[in-house]
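Presented sequentially are two complexes of chain A, the first with chain B as partner and the second with chain C.
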Partner chain A sequence: MSELLEAQPRKTAPSALPRRATGLAPTVLALLRKELLVELRTLESVPGMSLFALSTFVVFHFALQRGSVEGDEAAGILWVTLLFAAILGVNRLFVADEDQGGFDAFLLAPVDRSALFVAKALALLAYLVVLELVAVPAFALLLLGPTLGPALPGLAATLALGDLGVAAIGTLVAALAVRTRARDLLGPLLALPLFVPIVIGGARAISPLLVQAHRTGPAARWLLTLGLYDLVFGLIAYAVFDFLLED
Partner chain B sequence: MAPSCGATRKSTSKTYPAVAPSWRIRTRVLSAAALQVEGLARHFGEREALSEVSLSLAEGQTLVVFGPNGAGKTTLLRVLATLLRPHAGSVRVLGSELPAQSWAVRGRVGLLAHEPMLYRELTARENLRFHARLHGVGEARVEELLEALAMSRRASEPLRMLSRGMVQRVAVARAVLHNPELLLLDEPRSNLDPAAVDLVEPLIGAGSSHTRVICSHDPSGGLAEADVVLGQRAGRAALMRAAAEVDPGEIQELYR
Partner chain C sequence: MESPSRHPAGSPDVKHRRGDAAAMYGKGLRTLSVSAVIAMAVALGLVFFYAPLEAEQGFLQKIFYVHVPLAIVALCGFVLGGLLAIQHLRTRDPRWDMRSYVVIHMSLIFALGTLITGSIWAKGSWGHWWVWSEPTLVSFLIIFLLYATYQPLRFAIEDPERQARYASVFAITAGAFVPLNYIAVNLSTAYVHPRVFSNTSNLPAPMALTFLVSLAAMALLFATLCKYELTAKHARAQVRALRRRLAADSADAPVRAPRSAAPALHHVAPARAAGRSAL
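Coming up: the complex of A and B.
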């Protein structure tokens, strides 16, 4: 009986492989590189997001029945369109990993799981920047009354702050939704309420920029609000992301 | 009660009872066992995928799991791989208790599942390099494996352009990339032609020296490489014995 329970030694030990510990930064870089490579090959997110934004501006152009908008109206239309377009990217963010088993392969690797959050958020941030490079000029052409040039620095700063929040919240929500059957519905349902403060802050911040002959920069109070919101949600998302990946 | 399975297939002269007292397992085998599972249960909602599964496996041994579809074989592999949490019972893998010490097991386990766990839009080389970076393995190992699996010539093509057998070869390379101590293989030779089976043999076969858990539907082939056999039926262990004592007919019986 006792010999039965004695474990047998290994037949031969597997040959030692030179391995180095994988830190957060190299892991993030590896994941981000893979993410951008897959997007470049599939073109599943960014073109869809950009086309959605362009179509929405065209619809607004005809629906409003006037040549141009400015001020609060312009700021609202721009932010709402960008956020709805971002939802498309959020919904696709983890789909390739879930459908092709990449999630499991990542979970088996001896790496900090927060790296996945950082890499996905950076990838979403990159998608948003490309989206805005297409959407903002199109918005200026199709809808905006005042010239865009003088407003650009302030607009860019505000959009950058908004994008950080969208990337953090979007990644968190995408990770929550992707393992559910109703992920296409759950993603937007969870994300949109959390995006509301970004719409409010972003629209209030750029509203003074989108009027004829504006002389002020973006509203500092709203920029600060956006920054704080980004910080809070960035930290929350980073802290809870590990648990979302657990079974 | 944990069944006994600490003996190799070669030790045919000994008499192996199907079940050994669990206290003995705890006191004698714990430190040397690669796997130590007692009373494992796992459910998905109302459905019990695993119930009261117990086993132990020593380092360097091969456990082959037989059972019809839905018997819980894949769920067992995923629990051992730390991808699913056990809902009851105790599970020790490579000396670490799951799920509390899952972090200590990751990177020491190689899982070859039904899904290749590879990105279709990336090439074989890109996929393997990506996984090599995650595991802190040098790129020379990637080229070594591509060479060993005769995939070097097609390594720059996106995976979606390759046949299932070729994708399976790349999946084998991914599973052994970091030279894991424990290999968890779910029907590892599916989609492979005889030549490809010969290619993967040194990496995941009996000569690879890994501790292995293999899910199989092939009674004769599975028995040939098993030290220990687990027969699953409806989530429960219907057969747990040293392979030398198992008759192929008993395995056939699991599927009836």
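Coming up: the complex of A and C.
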């Protein structure tokens, strides 16, 4: 009953105003611009993610007691490192909005709520691309046995597809976890199982690229698996995200 | 197993409302329990006395009649939890959230059962407690790990309305993840071990019959346990509402419900309900 009473003004207010005063694209662009600007000024996520990836490579070197890796091992190390670094970014994605009232400000604006999801996912995607621009050359330098050059196109395609999925899932999970008491714990716990299909597809796609002899391109079926997973999860996350932003 | 339809009289209006609710939760529980017990007995009878011994695995293969139905029921339960959560987000009726919670909770227990029975079967037939080449088992582990965060997620959100909403978002996402994950893990397994039975179509008729009866029995057991939990939660909510009313009559000390991961049905005590329904 009390929820109903509280919900009453919320329900009538937006219908009095034009619900979509601005279209989705301008809103997304404005939010994305704000997101990237904040990141450029504070440098809270990307440098941390990149440094974390570098440290992880060093840890892998000592843990595996190897000077160089190739094939399945190389693919696994690269994916694990990138995913764990991505989780650092996921954990921080909404923290400023939650702590400094960004959510309230956004909810007051007469714009589509899905815009926030799209903008945050694009921002996370941008962070991941920058992370990979640092981490992949570092990986080639520190750990990878075979030369990186010929593998680059296939690797870039696979990582791009993987990033799309990580961005969609990461944004949804970040929004789910950020307003709970145990957000630092719940984020990774929720995200890792959801990332497993990406690791399955991604690791199998890039492991034939990272070998010295008989290099082949990524198998189309793994790229297809990744693409389909991205598509389905992107749609699911887009559909359910609105419900996380109601108070 | 007292049916919760007997409770102290309130105003006629309230009595009517509560009668509805009680009918919804308590009705059919006895029939369901009896049929589940009979179905389980019949299924076990068929498993041990009717189904022939499998040529290669012998007696060990009989765990198939427990493991596979557990797995199927748990998977369907997770997906059903997602569908109930969609209904909750559409109607905003907390009862759908409660159903979704109970179904997921029970599926989690069934999934644990699947993992344990699968592990025993793997040890018996392949000599290892865990094999990565068995896609059902591996995808169950991933799903189990994902759903294991369902209760911590609920527990970490204090506002009951938001808890229900976030849990529904999780249930929908995870419900959609279940089949996707299953497909992905299946793709990744190159079928190192020949699978004994990939589907029911290549089973001999007595085994197929036994399997189908076991599946039906397991589904009935699942439904009965869910119904029990719903009825118990409903009864507890009623008791709490009445206790709150008693406390309000004697002193103005509100009885605060302990914080919990489970959704709570908020019954309004009769005296207050009459006042509030006017609002």
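Here, the second predicted complex is superposed on the first by the 223 of 247 C-alpha atoms of A that agree within 3 Å, B and C clash if a C-alpha of one lies under 4 Å from a C-alpha of the other, contacts with A are read in each partner's own complex, and residues count from 1 in each chain.
Criterion: a contact is a pair of C-beta atoms (placed from the backbone, for glycine too) under 8 Å apart; a residue touches a chain by one contact, two chains touch by 3 or more.
From a predicted model like this one, the values you see are computed outputs, not experimental measurements.
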Counting residues of chain A in contact, which comes out ahead: chain B or chain C? B
I'd like to know which partner A:Leu152 touches here: chain B for first, chain C for second, both or neither. neither
For A:Val240, decide between first (touching chain B), second (touching chain C), both and neither. second
In the superposed arrangement, does A:Leu189 touch chain B (first), chain C (second), both or neither? second
Quick one: is A:Ala96 in contact with chain B, with chain C, with both, or with neither? Answer first, second, both or neither. first
A:Val232 contacts which: chain B (first), chain C (second), both, neither? second
Is A:Val58 touching the first partner chain B, the second partner chain C, both, or neither of them? neither
Output check: A:Thr42 vs chain B and chain C. Expected answer is one of first, second, both, neither. What do you get? first
So, does A:Thr27 touch the first partner chain B, the second partner chain C, both, or neither? first
Looking at the overlay, what does A:Leu108 touch: chain B (first), chain C (second), both, or neither? first
Once the complexes are superposed, what residues of chain A are shared between the chain B interface and the chain C interface? 1, 3, 5, 246-247
Residue ranges of chain A touching chain C (in the complex, touch as defined): 1, 3, 5, 172, 176-177, 179-183, 185-186, 189-190, 192-194, 196-197, 200-201, 204, 221, 225, 229, 232-233, 236-237, 240-241, 243-244, 246-247
For chain B, which residues are in contact with chain A within the complex? 4, 6-8, 14, 16-17, 20, 24-25, 28-29, 32-34, 56, 58-61, 81-85, 103, 106-109, 111, 113, 115-122, 126, 130-131, 133-138, 141, 158, 174, 178-181, 208-211
In their shared complex, chain B is touched by residues of chain A numbered 1-22, 26-27, 29-30, 33-34, 37-38, 41-42, 96, 100-102, 104-111, 246-247
Hey, which residues of chain C end up touching chain A in the complex? 89, 142-143, 145-146, 148-149, 152-153, 156-159, 161-162, 165-166, 168-170, 172-173, 176-177, 180-181, 184-185, 187-188, 268, 276, 279
